[in-house]
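Order of writing sets the chain letters: A, B, C and D. Residues in each chain are counted from 1.
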Amino acid sequence: MKTITVRYFAMFREHAGVAEETLRLDARTAHDVFESTRARHGSTEPNGHCKVAINDHMADWDSPVNDGDTVLLFPPVAGG
Amino acid sequence: MKTITVRYFAMFREHAGVAEETLRLDARTAHDVFESTRARHGSTEPNGHCKVAINDHMADWDSPVNDGDTVLLFPPVAGG
Amino acid sequence: MIEVSDAPIDTAALQRSLTNPAAGGYCAFEGWVRNENEGHKVHRLEYEAYEPLVISEGEKVLAEARERFPYLEARCVHRVGLLELGECAVWIGVAAPHRDEAFKACRYIIDEIKVRLPIWKKEHYASGDSGWVNCERCAAHGFAD
Amino acid sequence: MIEVSDAPIDTAALQRSLTNPAAGGYCAFEGWVRNENEGHKVHRLEYEAYEPLVISEGEKVLAEARERFPYLEARCVHRVGLLELGECAVWIGVAAPHRDEAFKACRYIIDEIKVRLPIWKKEHYASGDSGWVNCERCAAHGFAD
């Protein structure tokens, strides 16, 4: 189990109802963290087209997470 | 013979030493007018890349000129 | 340099800061809040940004643009918060020796920041509804599922 | 609208005149007097224009750009007379629904007016010499011998 701080932005924050929470998770990658938060908040939001950062660095979904990391979950950007 | 007013611009004006002159010419086309003015002013200026207008309308070098027309001789534009 | 601002963008002052005696061409782009999007009448817009990554990713974009289209000066400012119709949401200015680099660098910068920077847009409609605007083309830019 | 001006170009006022509630993208281009050209140190520039044909050809260019890249608003102003280093010689502003038309129309306008409008540039060099600048690429644009 790792202690991971998760930060939610824009529609993710509105859906989770919190901007940030610290969780105890059995997560290996950023993707595992994302799936845990989706399960936790019963998300039916589309989970494609999102980006992730770890400790203020852009990351990939298969980037490893370590105990104490902050994972930032970014919904699709404004684009256009 | 036709009475043609010729207007010179930029380097053409400096070379001719006048901005405008009215000439009696045996000219059929704009090109004939241009050649007459070149001979008149002993021009060695490059004669390519120039444009011509007749009575304030862009014209071609083989456009006919009529008695009383004003022919505008445009050296190459600034471009770039 | 890239910045995030919660105050109106002073484009004239920004442009003056790009003065360079070797610059022959200057290209600027501004994104304005317009009155409709995909058939919805828009009342106002709200932008949210995660500033630390806007800055770090934005600086990467500016460096990439300079490598591809060598420019002399470039700056970008993105607004956050509530914006009214007609307001400037994003400004980019590029000064270069010639116009080709100025146009191409400016276009590169706006195209990349639109898809890469963590900035979200919420539209407030005349109907009273609101919604976050998604990027339909993000899938083409390597976002994971 | 295209204009010729012997006074400094008030770009801020011009930009305000392009305000349009349906515009989401605005692209501007400015040509600045730079300090060198093809290895010569430039001291100042002098522009001469034949205004009646600048206006009529310029309006054609603006209409062609609108047909190709439907924009909402566009204006162009070209300076004439003596200009110092750093001054704005030509300004073009285009407001369009989206950025693609704004960029492309703006680029089309500057590219066409550079080769089609009767505007001549005389460079005054630091050495005291001066010379009219020719367009080397004019041959490619149908100028007759």
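Brief remarks follow.
One rule holds for everything that comes next: a residue touches a chain if its C-beta (ideal position, glycine included) is under 8 Å from a C-beta of that chain, and two chains touch if they have at least 3 such contacts.
Only a predicted model underlies this, so the values are computations on that prediction, with no experimental measurement involved.
Chain centres here are C-alpha means, and the one lying farthest from chain D is A. The centroid of the Cα atoms in chain A and the matching centroid in chain B are 73 Å apart. Centre-to-centre spacing of chain A and chain D amounts to 49 Å, using the average Cα coordinate of each chain.
For the pair chain C and chain D, the distance between C-alpha centroids works out to 25 Å. Across the assembly, chain D contributes no residue in contact with two or more other chains. Within chain A, the positions touching two or more other chains are listed as 80. Interchain contacts link the chains end to end along an open line, per the touch definition above. Pairs of chains meeting the touch criterion are A-C, B-D, C-D.
Here chain B touches chain D in the complex through residues 9-11, 31, 46-53, 56-58, 60-61, 72, 74-80, going by the rule given at the top.
Partner chain C is touched in their complex by these residues of chain D: 12, 19, 21-36, 85-86, 95, 97, 99, 102-103, 106-107, 110. Residues of chain D touching chain B in their complex: 47-48, 50, 52-53, 56-57, 114-122, 132-139, 143-145.
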